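Two complexes are shown next, each including chain A; its partner changes from chain B in the first to chain C in the second.
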Partner chain A sequence: MSAQLKPGQGPLDYARRPWIIALFALVLLFLYAPIASLIVFSFNVDKSGVWHGFTFMNYVKAWNNEQIFYALSNSITIALISTVFSTILGGMTALTLWRFRFPFKTAYEGFVALPIVVPEICMGIALSMFFNYSGLMAAVRDWVWPFNLINIIFAHIAFSFPFVAVVVRSRLVGFNRQLEEASKDLGATEFQTFINVLIPFMMPALVAGGLLAFTLSLDDFVITLFSSGPGSVTFPVKIYGMVKRGVDMQINAASTVLILVTLSATLIAMKLQAPAKSGH
Partner chain B sequence: MDDWKDFKRVFLTLATPGSLWMLLFFAIPMAFLFVLSFSSKAVIDGEISTTAYDYMNTFQNYVESAGHNYLVLLWRAIWTSAIATALCLALAYPLAMAVCFAAPRWRPLLLLLLILPFWINLLIRTYAMYSIFRTTGVVNQAFGLVGLGPYEMLNNTYAVIMGLVYVYLPFMVLPLYSTIEKLDRSFLEASLDLGATQAKTFWLVTWPLTLPGVITGIILVYIPCLGTFLTSDILGGPNNWNIGNAIQNQFLESNNWPLGAALSFILMYVTFIALMVRAFLAKRSTGVDA
Partner chain C sequence: MSEPIISIRNVSKRFAGGVTAVDNVSIDIAQNEFFALLGPSGCGKTTLLRMISGLETPTEGQIIIGGQDMAFTPPNLRPTNMVFQSYAVFPHMTVEQNVGYGLKVTGVPAAEIKTRVAEALEMVKLAHLAARKPDQMSGGQRQRVALARALVKRPKVLLLDEPLSALDAKLRDDMRMELTRLQQTVGITFIIVTHDQDEALSMASRIAVMDKGAVAQIATPSELYEHPRNKFVADFIGKVNLLDASVLSQKGKTVTCETKAAGKFAIETDKTCGSTATIAIRPEKLKLSASEPKGAGLVKTKATVRDVAYYGDTSHVVADAGGSDLEINVQNDSRTGGSGVERGQKLWVSFNPEDALVLTE
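This part shows the complex of A and B:
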């Protein structure tokens, strides 16, 4: 019977219904046209919405724009440091929640997940208050780079590591604890078992969680805006300031570079996560 | 699972760093914000101080927050987020269906296409939106070619809603995809075999079974929309502020921190109410996964 049906007419053949295909195409256009236009116009000679000729000038200008360059290197430095610490803290938190029974565990789980659900702007201003009143905001101003970024780094770790914990914990659920017992039976200490059995098993989740932390940090605008002092501008904060003053093709050029960085990180993360084998 | 008492040293080593971090950079700042929301600027020698506060002495900030000016902004956040969420759902559901029912080898690619923009910086995406819809942007240039426009397409509530849909659509697609994927197709086949129409099958079988994914998607979109501040700031302009912009303004411009603190707590309460509604609905529904 199905042989007589044209494509898209099978009862469950939803993916080939013409209206769904049309909708899919329209949504992809809606999602990608603005980004494509941003990238294309980064090569335009002027800042109008009309194509007036190809140039690399915007990239050269953005590269030589000290403030953009400084903001971008700040962003990447913060993201790298925050990733390392978020991965460690997130991994440890995931292990705690996965391995142990302890009093008020449910409450603790909820507490650790709070940074994921609390509106960014609330966490941002809370941290801003905290840094101002603890004197950290004023103190770090004169510290040597990259230590003048330290409160942004603290803030980024605080909202990133709960995400890492979620990712790592969902992998740990698939761990067979008999492997641990076998290792200990064969004479390994607790610590050796941890290093040689548990860590290798957690590795794909640690890498994926780390890359998630990296993108979250690179992406963050709201919390950074509030926890950064006047001297420590990150890329999104800088772009925000420029956008407020109008369209400028240097923004397009710098954004294109950042899009490339994030998308490659994302695709690597997906590649690493894809073969979800349950053990080594 | 081990009891923490049997491995105290391991437990403490693993649990301390994260807990300490949460305490120092989340709990204490939040507690401080809470205290501040009940405080007022100190009056020293008859002058209102800009830096000192009298702590825990007033409800005035909440009274002011509940006043007309801020209720309007909160209400705007609530309804624009609701419309944006509804639009996301209406778009994402058929798309997620299409991905799940596509040939298996196409599925990862189709899903990736829908969620990839999520990884691009929010500010960059909003700016991209802004630059194509501004009066001299590509869209208006295209209108100009056929002798129309230019139209003012930004600085209104529609622009904010459109921006929110643009930014948060992937958040809706993902949970819908993962629920619809787990759906047992034989239920749909059975319903269709027994003579129900496609519409009836959808309404009586598919929709109820995928409700958990729908609820998760709604929460994942609605909550960040509520607290949004970039989208309404860049695409909406000052006349389309919502509560997030008001909070930002109290801190960075008006310099009335206690009022900003009270507004943030109100925003957090609304968020928690939304989460509780979700938990309640999830408990009642009997879909594919709870």
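This part shows the complex of A and C:
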């Protein structure tokens, strides 16, 4: 056998071999090169694909571009509202599925998770038909901002709360029921137990699920396109329209801002999650 | 016995699917008792404890706590508190918050909570760890938190579900003493569930031995050990040699019987025997000797040593007498000789019939 280990080298020390390191680097490059170039060119002085000098001008232009600004604030508003509702709804769904036994529970559990796998285009068409036939599409058109976004918000809650439910449900599996019993034994009512014991235990999953819902909502294109009326444009939809008309580095600048928003949301969420460890 | 603090009357618990976990149990527990529910796993002792706490409701029967039937009162309204087997210390709260939790949710004023929590932590010697989170503590410390958290509520009865089972041997011994001490200082009735007979014998003032959902015997530790009511109790509490005997005659309290292991002998009993009985004798009450022991009334037999297990202070000897195994405990009371017993030796085994017991069930 020629495969001898060198002194000090463990049998699973692959990470120190050059070809593995090269592979790691390639994977990272593949993942991040497009994003990196997007960010880099957001600082380019002109809109050719060649670097001609550094500027913040694109950011200023994007900020002053009312249409981009409007679309971005729509997107963030929709994301915030739909995150709150889908977190509550998803958390409650998960609790129901974990806590109670009822007929057709397995089927119910399956149907709750179904929107995760149903192709977005199908869900988009379905929602579009629903909003049109119910008259909601026409009705909200004249409503004051942000109520004119209500179609999109409904649609986003519908597709993102199952994600929250799945995340919270899997955390609840690890809950020690004796914690709940201890709380009641110590004099707490059912509701006090829920607030003081169960919610803190669910919190990391609620945060993670909420974050998932937030990012899903922020960059959703297909479903949004189908459920939005002519007045209510979101950021991804707006960008799509702009790209159709030609390259503009304002798009890069606005996208970079969006990346920053999601990134900082993630960081905050991770910070929030850190102190709450598992419940045993 | 004075007015019982807890009176369990004809309580049964049947689970869906026809399993009877607790079968018509009646127990009275007095104020200030250290009471143990002892039995093998699946005997219903934990279910009974959970019914006392309110985490489980009985199918039938009464659970009278402090003079009130509380069989269907929810746990948060009962004057009982529980120390859980997994401790169930709240992971997201500090020690102080954990201990204060039961007071806070019942609306005790903050200032009073503060003093009572401090007192409780003092009592379990955790005052210096008040600001810690449970994940920075050892199992023994977490258990003290669970204890303080229950005691701070000043319950009429403290329930302990297998409190020592998750601790290592040394800590277990310390905790046993600690629990006994605590029970004496706070003067609260303790009810402990355990499958460990040593634990029950060393801590409890009275023990209920449970078997298949029913109470086999309720007695003090020494009574249980020396006067077990039936074979199950004799066998479960400590080690015992159970000799099958055929009863030859009974005159008043004196029974003449014959066993394979020890031949024919007479023994006193209060029981009325049929044609067969079981003679129970503890291993430490059997004596080994090289020469034939002398003494009036001794029961003696020749036996071949099959096995010797060394335990430091004692050696456990298994000897074959007339085709049945006898277990004998020998004190190793000299450093040089050990027990001096070796495998294959032929020795005399003897006992005083007063130390043996006739069992009919």
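Side notes on the structure shown:
Just so it is clear, the second predicted complex is superposed on the first by the 249 of 280 C-alpha atoms of A that agree within 3 Å, B and C clash if a C-alpha of one lies under 4 Å from a C-alpha of the other, contacts with A are read in each partner's own complex, and residues count from 1 in each chain.
Criterion: a residue touches a chain if its C-beta (ideal position, glycine included) is under 8 Å from a C-beta of that chain, and two chains touch if they have at least 3 such contacts.
Note that the structure is a prediction, hence the values are computed from the model and not measured.
In the three-chain model built by superposing on chain A, chain B and chain C fit together without any clash. Using the contact criterion defined above for the overlaid structures, shared-chain residue A:Gln192 touches chain C, although it does not reach chain B. In the superposition on chain A, A:Ala182 makes contact with chain C only, while chain B stays out of contact range. In the superposition on chain A, no contact is made by A:Gly53 with either chain B or chain C. Once chain A of one complex is fitted onto chain A of the other, the partner contacts of A:Phe201 are limited to chain C, with no touch recorded for chain B.
Measured by the number of chain A residues touched, the leading partner among chain B and chain C is B. Of the two partner chains, chain B is the only one touched by A:Leu263; chain C is not. In the superposed pair of complexes, A:Leu23 makes contact with chain B only, with no contact to chain C.
One geometric descriptor of the composite model is the angle centred on chain A: between the Cα centres of chain B and chain C it reads 100 degrees, in steps of 10. Aligning both complexes on chain A leaves chain B and chain C separated at their closest CA atoms by 12 Å. The part of chain C that touches chain A in the complex is made up of residues 53-55, 74-76, 80-82, 84-86, 88, 90-92, 101-102, 105-106, 135, 146, 149-150, 153.
By the touch criterion given at the top, residues 1-4, 7, 10-11, 13-15, 17-19, 21-22, 25-30, 32-33, 36, 91, 94-95, 97-103, 110, 112-114, 116-117, 119-125, 127-132, 134, 136-138, 140-141, 166, 169, 185, 188-189, 192, 198, 223-224, 226-227, 229-230, 234, 244, 247-248, 251, 257, 260-261, 264-265, 267-268, 271, 275 of chain B touch chain A in their complex.
Residues 11-15, 17, 20-21, 23-24, 27-28, 30-35, 37-38, 41, 48-50, 88-90, 92-93, 95-96, 99-102, 108, 111-112, 114-115, 117-123, 125-130, 133, 154-155, 157-158, 161, 165, 190, 215, 218-219, 221-222, 226, 236, 239-240, 243, 247, 251-252, 255, 258-259, 262-263, 266, 270 of chain A are the ones touching chain B in the complex. Of all the residues in chain A, the ones that touch chain C in their complex are 176, 178-179, 181-189, 192, 196-197, 200-201, 275-280.
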